[in-house]
Every structure is written in structure tokens, then in C-alpha cells.
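Read from first to last, the chains carry the letters A, B, C and D; within each, the first residue is number 1.
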Amino acid sequence: MGVVQGDQMVLNIGPQHPSTHGVLRLKVWTDGEIVSEIKPYIGYLHRCFEKHSENVTYEQVIPFTDRCDYIASMNNNFGYVVTMEELMEIKVPERVEYIRVIMAELNRIASHLLALGVYGLDVGAFTPFLYMFRDRERILDIFELTCGARLLYNYMWVGGVSHDLPKDFERICIGFLDYFEPKIKEYNDLLTHNKIFLERTADVGVLPPDVAINFGVSGPNLRGSGVNWDVRKDEPYSIYDRFEFEIPLGEGEFGTVGDSFDRYWVRMCEMKESIKIIRQAIKDLPDGDVFQTIPKKIRPPKGSIYRRTESPRGDLGYYIISDGSPIPYRVKMRSPAFTALSSLGEIAQGWMLSDVIAILGSLDIVLGEIDR
Amino acid sequence: MKKYFANIWGTITTLKTGMGITWRHMMNIKKDNVTLQYPEERWPRPERDIGFEHEDYNVIRSRLHVDIDDCIGCLKCERACPVDCIKIDTIKAPTRGEDIPNIGHTGVTENGTNKALVVSRFTIDMSECCYCNLCVYPCPEECIYMVGGPNSPKHPIDYEFSEFDRKDLIYEFSKPLTSEQKSELMNPKPDAEA
Amino acid sequence: MTVDNLMNWFAELGDFPELAFILAVLICAVPVFLFIAIYALVAIYGELKISSFMQDKVGPMGQGVGLHAGKWGLLQPVADALKLILKEDIIPASADKKLFILAPFIVFIGAFIAFAALPFNQNLIIADMNIGIFYILAVSSLGVIGLIMAGWSSNNKWSLYGAMRSAAQIVSYEIPAALSIIAVIMLTGTLSMQGIIQHQSGFVWGILPNWIIFQNPFTFAAFFIFFVSGVAECNRTPFDIPEAESELVAGAFTEYSGMRYAFFFLSEYANMFIVSGIAVTAFLGGWQSPIPGILNSPGWGLWWFMSKAMFLIFVMIWFRWTFPRLRVDQLMNVCWKGFTPIAMVNIFGVGIWHLMLG
Amino acid sequence: MTPTEIKETLDREFPGSVIDNEELAESQIELKPDQWLEIATYLKNDPGLNFDQLECVTGIDTGEDGPLQSRYNFHSMEHRHKIEVVISLDRNNPKVASIEQVWRVGDWFERETYDMFGIIYEGHRDLRRILCPEDWEGWPLRKDYEAQETYHGIVVPKIKEEEWE
């Protein structure tokens, strides 16, 4: 039956809107409820990260990387620090590697908890958001115990970490993991298998694999479309090759592969994998001094390097060019949410207004990282 | 037709499990209530259910504090600050390691180094500080640190330092010097020279 | 305490028929308004506390020094009401002034006059009309006009979206609600609310009270259909698309504030009470006590009616904090492909069941 | 395929387009800007190379008189090999073909590099600033960039020497 072509209405899902995950403006051409075209406008949170990093020394860039993706700051630091150590050929002691993996995976769970909770909010369920934030607070307590900060840590330094682990960190961390594992089952019962939730997310905003690769989408969004790509497995950095964990892919149980439900489901399974990694890391956590290889004065050799790491939102790449002085010549951050948002215009066409909000939620973007 | 009824039955069962969970949470609210009654209960609740004590904290990033008597004016923290919110002015002390009683300047720091400079101005603009803790590490005398944590015996944790006026957020740590004391320090009188 | 008792009583005093009518209606209207106001405060407090308990938090507990929210947060609803009254209600410059001002009152009138036929107990009913339930269903759809007026007159795209969605939703959910009421009327034979409740006294199948919900499986299904489409009529989750927080901010009443917003808020809770009132009267035996025979005095009758209605309101609040939100077209599918066919099957079912089992 | 083999295949396919530049690392190739669109489509469609993922486009200002460089990182999901292409452009008239039709992610990457460096990507369907406001003057990440005084009358804040007045 022919679709009735009414006249178009331009709608601004404006910079100030309850569900744009930050300051983002979507210019939407709608015909009734059906959306015919979307143009995202970004740049409202642009704080010139790259210009700043050309005026501060190498260790002073780390607080700025924290503030790009403020939900997964540990992984931002991790990316920057791994790239710098590869540039300067620093070999960090074992204990630092294990601490970094534990912190990065804890931060991945915290970031996924926020992503899934806010996704439930976008689809209309209030309670899962509060359950997930209650558990996220427990992780933030652990971070506060080690480095004093709850959201922006400046914890990982080039060549080491800023603080050693507190007294009985193993007991506390294992305590959290045992507390948290049954909670995932509770989220699944409450939200994932809920028929209304499935109705709202299955078959919505389908991102086919080739379009995903063409749009440079990465991380859980790409794995939701069934592409087996995880930087921790395919370009292993730090000591990720010592742990065995699977990579969850979207199989399209309740709809086609690559729909919003798959992206949601991949994030839920990734939390289980992260718990496995942390358990293995804590089991064989060596002792040692963490401040040993922190260089007093960072003067990397002349040259450039591009290195990718797996942040909860995808491939977080750092392109660092140094000219031998203690001030970086150029630091470029390739942000995964930037490419995920660029694909929104493609996959949200033809859906209804409330689906656009659901698809935006399933892409899990953070505007701090997009605008840098 | 069969899928129609299976669909309805699936809806009913999944909605029922969902309602069961919220009912259980409502029933045992006494056990897993997480609200912190703010004015009465303060953060951090030591026996938070993970069970670590307040002294276990490595560091608490709440507010910068400077023991001005130990500060030798080496400007390392000013250089380490990524947002340049620390500003220090120093004046050359007439003699190294000598106390100057009238302006309360102590010549020797806690761990014994003699001070060659009088710190006339040491301001930290807490409204610009990004709490990254980078200024604490280079200090040779460990006189600048964030309140709480291992320093908590000296300074209990406090995070309520909001002010009504932005200018009050600029903390002045150096001892107040009147202008003529400053000028007198700057150019010592001829007889002191001879 | 019905209007006509008061009329006869005035008639004895002296013959001033018009004044008597106005006086009688006024005497009945003021307590209803007070009831709605107090009930709304209780319902807001209930929603506040129940939602907090379901989300592992305790809600306002009246801590802190100075002016705070009462012992267990009891003063919180009063504080909300006070805030809404004191807040300045802004009329947007480009709004259509007359409609903008009129809309909240029409929505409130739609909810208020439906209280006239609700049987609180044996004789506590304002107008015991012989077309009671038909009157309520007709009147409660008046609110839609108010919502559309609100959405259109505030001249902003979002509230227009909200108004269109709520109009489509309320109008289409009237059908399954009315059909399931027909199933009840077929059993009771009368439209008057007291008559329906009288029909539900005594036992059925031995121990069960003779409520319509237990009389046969089809009316059991009709109860759920009526209740859920009633939830849809009050725009509550899982059908709260008109004021979907995450998309349309606040739907038709985005531009309202202060006293006018309070009226919308009040009418939403009044609508909830009407839907539970009808469901209780038609299916759960109004003021009949669950164990027929005992505790049947008017005082107890009021208690039974209020506790059943409050339980249904609790279930509505329970829905709100557990389910996500349906999309507009899914909502229409559920109504036209799900509820309406089943409601019709219920009518046939009740008829056949009634015929065979007598 | 190792980067050197890729360099040879490119040299064979497009003679004269590869410039050997010793400062660059082993995995970087410097190309002339003129045949860039054909090389890009070749990189993507050739079964042996099959670079289907454009990781990152970085703009670099190599100093006062040096050229503006636009560096592309490619990666192939299938063969799991990577290459980085460097293209140097004249400073006063930086023009290069846009590869936005080949890799859709290039659309936003190129817009960002245009916004920060002023490199004009010909053939780009919608080349406007992405991070800064659309009518912002100057290219922020160039080394010789001076921030404008006011923007629509709002004073652009300088580095603050003294505290609040």
C-alpha cells in the first residue's frame, strides 16, 4: 500500500534534549512520525584537546585524555600510555601490566553499565537504570580506593601507574565480582527478555556488516553486526594475549543480525567476559615496584606512531608525532563514537521518531569523545 | 494463529518475571537500601558494603593544601600543573636558612633543607584546578598534597568547599606580607650589605 | 446522600426548586473536589515511595535541618503542591491564549464530573443514575479534547506530537474498554452502578464471592483487558507515549507550568481513580466484602471499595516502574489486533456461557 | 602482505606515484596527490589488498614553510594487514581528491581535517566545518594560527594572566 506523502516537518532534536547522551543536535526531516533524513550537528563540546596537547608536556596530556571519553577514562589513559610506551620502547614491570588490565576491564564494566542503563531509559524503563547505577557506584568506590578519583583518574602514567594497589585490594575486587555476577541475570530477567523491550529493539536500526566496516564503526557496534573484530584479540597490546576470553557476536536471536538488540546483547555478554579477565588477572597478580620505569623527564625520540586499543566504545586510536622535545608535536585521537555517530544518518532513516532515540541509545555515543 | 497466542503467552510470562523482580526489590528494601542521608550520613561511609576502612584510601582528591613553612619556592608544582592554576612569587632571602621573625619566615624546612627564598605569594585557583594530582609528586619537600587519605590524621576529609564568590576559591597560602616588608626584603639596607 | 435525597429534603423546607437544585449539586460537588485533592496527595506520596522502594532507594525521608520533607517524607506531596501553586505559570508569547488557558480546565472537568456516578458504598453515591456506567465512559473521553487543545495551543512541535499521539491512543483504547463493559452488562442486565454491585452478592462455585470476575473465564479475561486499556486511557506506562520523557519531554503539557500544570497532574490521578473505580464496580464487586455475608455495613462497604481501588492504583504504579514504553504503531497494533478481537470473543463467550449454564 | 610488498604493487600499478622519503617509517608510503582517487579505489577493490577499513585520517602541519600532510591509515579485515599513506600538499593551496565515496567514514574524517587544517577535499559532497562553528575564521591546528578577537561580538578569552577582576 502506498505510503501517504505528507509535507515534511523539520524537527530539531536540539542540543538541550533529555536523551542525546551529551550535547548533540539532530536535525530531523520527519513526515508525520516517519523520519526521512537525519543530520547530526556536533561541536558543542569541542575543547580543543589536540591544540592543548601541543602546549603541554607529555605527562600533562593524560588529564586531558581523561576528559575525552569521561565514562571510560581508564581506557583512554591506557590507549595513550600504550602508544607512548611503544614510541619510547619502555618495558613496564609485570605488576603494572596486570594492574592496568584490571583497571581497564573494571572501567569497561562501569561504562557498559552506564550504556545499558541509559539505553533502558531511552526505551522507557526507569528501574534497570537505577539498578545498574547502584552497581556502577561499587566500581567507582574501588577506583576511589586506589587513585582517589571516581570519574577522571589520571591513574595510568607513561611507564607505570600513579598509585600502587591499596592494602587488601584482591579481597575487595573479588568481593565485588561475586556480588555483581548474579546481578547480570537480574538485568536480563528485568529488561532483556521483556517482550516490550524486545518489541522496541529487535529489528530496529539494522547495521549490516559491510556498511558497518565502510562507516569505520568499531567495538560493540561492529561486533553486534557479526564482524569478529576486537583489538584485544587481533592486535594484542599489553598482556591481553595471556587471558582467554571469548568475543561475543550478535547472532540476531530476536531479529536480523546487527539490530539494536544485538548491540545491547553484545555489551551485556562483554561484561561477563570482562569479569572472567579480571578474575584471571587477580589470580596471578605479581608483586613489584610500580614506580620503577616512570621516566623523570619524558623526551621521546623523533618519529610518529599510530596505535589502537579497545575502549568500551570501540577502536580508540592515538596518532602521536614527537620532534624530540618534551612537548608533543601533534596528538590526534581517533574516537570510536565519532564514526558510530556518522553512521546514524544511514541506519536511522525510515524509522519512527521514538526509534531514532532508541538507535542513538544503542550506538552508545559519548559527546566528550566525539567533539574532543 | 498459533504464533498469535504464543506471542500473547510470551508477553504475559516475561512481563510477570519483570514485575516479580520489582516486587522483590520492594519487599526487601530494608536490606539493600543504598540512600545516603546526606546531612546525617557523610561520605565515605567507612563500612560501605565492600568493607574497606577510611584509612585504607591511598589518597583523597578533595582539596589542595600547602604547608607553607616547608615550601622552598622551587616552582616545580607550578610547572607540573596542566592548567596553570598555581602562581608563586618568591623574593631572595637576605641570608640562607635564617628565620625572619617579623614576617614569620622559617629558615629551615621540616626535613632540614635551608631555604634561600621567601615565598611572598602562593595562590592556587581551586576553581581552575582539575584535581589531577600532578603537582603533588614533583615536590621535594612534600608540602603540597590533597587533603584526606594518608594525610587524614592532619587534615580530615572535606569536600564541601563551595563558596558564594569565585574570588574566595582562590586560596592564598603564603603569609601576608605588607608592601614595605616586601620592599625592605627586595633591596636590603646598605648597612646589612657592609 | 444522593442529589435527589437532598432535593426532597430541601423541598420540605420550602419551595425554591432552582436554588435547591444548585444547593444540592454544590453540597455534593465540594466534597468530591476535596476527595480528589486529598486522594491526589496520597497517590503522589504512594507513587513516590513505591517507586523508590522498587528502585532500592528510600525516597525523601525528611532529613537535614530546617524545612524538610516531614517524618517519612510525608510533607513531600504538600511541598510539591505548594511549589506548583507558587510557581509562575508562563503563557508562551506565540501561544493561542484562550485555548491555552482553557485546556487544563476541560481536561479536569472530563475527570471531575465522572465522579458523579462512582458508588463509594451502599448509599454514598452522588447521582445513582440508571445509565451510570454508560455515563462515565461517555464523559471520561472528554479529556481528549482538552489534551488536543493543550497540544495545539502551546504552538510547539513537541507538544503537537504529544497531543496527536495521546488523542489517537485514548480514542482507540475506548473501544476495548467499552466492549469489555458490554460483557459485564450482559450478565448484570442493568447499567446502573448500584445495580451491577447488587448483582454481585452471594457465592459462586462454593467458596468464591460472586464477583463478575469469578463468574466465568471470559469475564476474567475481560477484566484484564478493561484494566490495561484503562491504563492506556490515563497515558500511563507502558502506554505513556504522549509524555514520553525521553522523546517528547512532556508531551502535550511541555509549555505548562505552575497552577495549570498542577491541574493536568491532578486530572491524570483523577483519571486513574475513575478507571480503577469502574474496574472495581464492574468486576470486583464494588463495596461487596470478599466474604459475602459478613462485614457488609455501609462503613465497611466504603472500606472495601477504597481498598480495592487503591490496590488497582498500586498495580498501575507498579506497571510504571517495571515496563519500557511501546512505540506508537505497536500501541495501535496491540489495541486493534490484540485487545479488540479478544474483547469481542469475550462477549460471545459470556453469552454462550450464560446460555448454557444459566 | 608486508608494507614493502604493498609499495611494490603500488609502484607497479601506478608508476611514478610513489615517492620514497627516508624519514618516513617502514610502514608508511608517500604518494603524489594527483592520482589519489584511483589509487584509493584500487586499494579498496583489489582482492590482494582489500583495505576495507579506513582507520583514521590525520592532518599534520609540518612547520613554518613545510607542506601540509594528510595521512591515511588503512586496515584490511580479511588479510589483517595495515598501511599508512602520506600525502604532502602545498601550504597555500592544499587540494586533494576526497575518498568520501570510497569509504563513507571519510566523510566526517575529511570534514574534521578540513575544519582543523583547511585542506580542501575536492569531490566531497558536504565539506563544511564539523567541530568549530561554520563561520569561524582561520584553521585552528595550523602552527601559525592566531585566534580571532571576537566571535559575533563575544570576546574569545585569552590565556588569563591575572585572577578574576
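Here is the rule we use: a contact is a pair of C-beta atoms (placed from the backbone, for glycine too) under 8 Å apart; a residue touches a chain by one contact, two chains touch by 3 or more.
Keep in mind that what you see is a predicted model, and the values were worked out from it rather than measured.
J.: Let me spell it out: compute each chain's centre from its C-alpha atoms, then which one is farthest from chain C's centre?
T.: Taking each chain's C-alpha mean as its centre, the farthest from chain C is D.
J.: By CA centroids, point me to the most central chain in this structure.
T.: A
J.: Just give me the whole-number Å value for how far the CA centre of chain A lies from that of chain B.
T.: Here the centre of chain B sits 29 Å away from the centre of chain A.
J.: Centroid of chain C to centroid of chain D, CA atoms only: how many Å?
T.: Computed from C-alpha means, the inter-chain centre distance equals 63 Å.
J.: Where the CA atoms of chain A average out and where those of chain D average out, how many Å apart are those spots?
T.: Computed from C-alpha means, the inter-chain centre distance equals 25 Å.
J.: Using the average of all C-alpha atoms in each chain as its centre, how far is it in Å between chain B and chain C?
T.: From the centre of chain B to the centre of chain C is 54 Å.
J.: Would you please write down the residue numbers of chain C that are in contact with two or more other chains?
T.: Residue numbers touching two or more other chains: 54-57, 321-323.
J.: Would you mind listing the residues of chain D that make contact with two or more other chains?
T.: None at all.
J.: Which parts of chain B, given as residue numbers and ranges, touch two or more other chains?
T.: Counting only residues that touch two or more other chains, chain B contributes 15, 18, 21-22, 25, 34.
J.: Could you please specify the touching residues of chain C with respect to chain B in the complex?
T.: Result: residues 50, 53-59, 61, 63-65, 318-319, 321-323, 338 of chain C touch chain B.
J.: State the interface residues of chain B toward chain C in the complex, per the touch definition above.
T.: Within the complex, chain B contacts chain C at residues 8, 15, 18-19, 21-23, 25-26, 29, 32-35, 37-40.
J.: Please give the residue numbers of chain D that touch chain A in the complex, ascending.
T.: Its residues touching chain A are 25, 52-56, 58, 60-61, 71, 73, 77, 80, 84, 103-105, 107-109, 112, 116, 129-133, 140-141.
J.: Across the complex, what residues on chain A touch chain C?
T.: By the definition above, chain A touches chain C via 9, 11, 17-19, 33, 120-127, 130-131, 134, 190-191, 194, 196-197, 199-200, 352-355, 357.
J.: Could you please specify the touching residues of chain B with respect to chain A in the complex?
T.: Touching chain A from chain B are residues 10-11, 14-15, 17-18, 20-22, 25, 34, 44, 48-52, 56-61, 80, 82, 130-134, 137, 146, 149.
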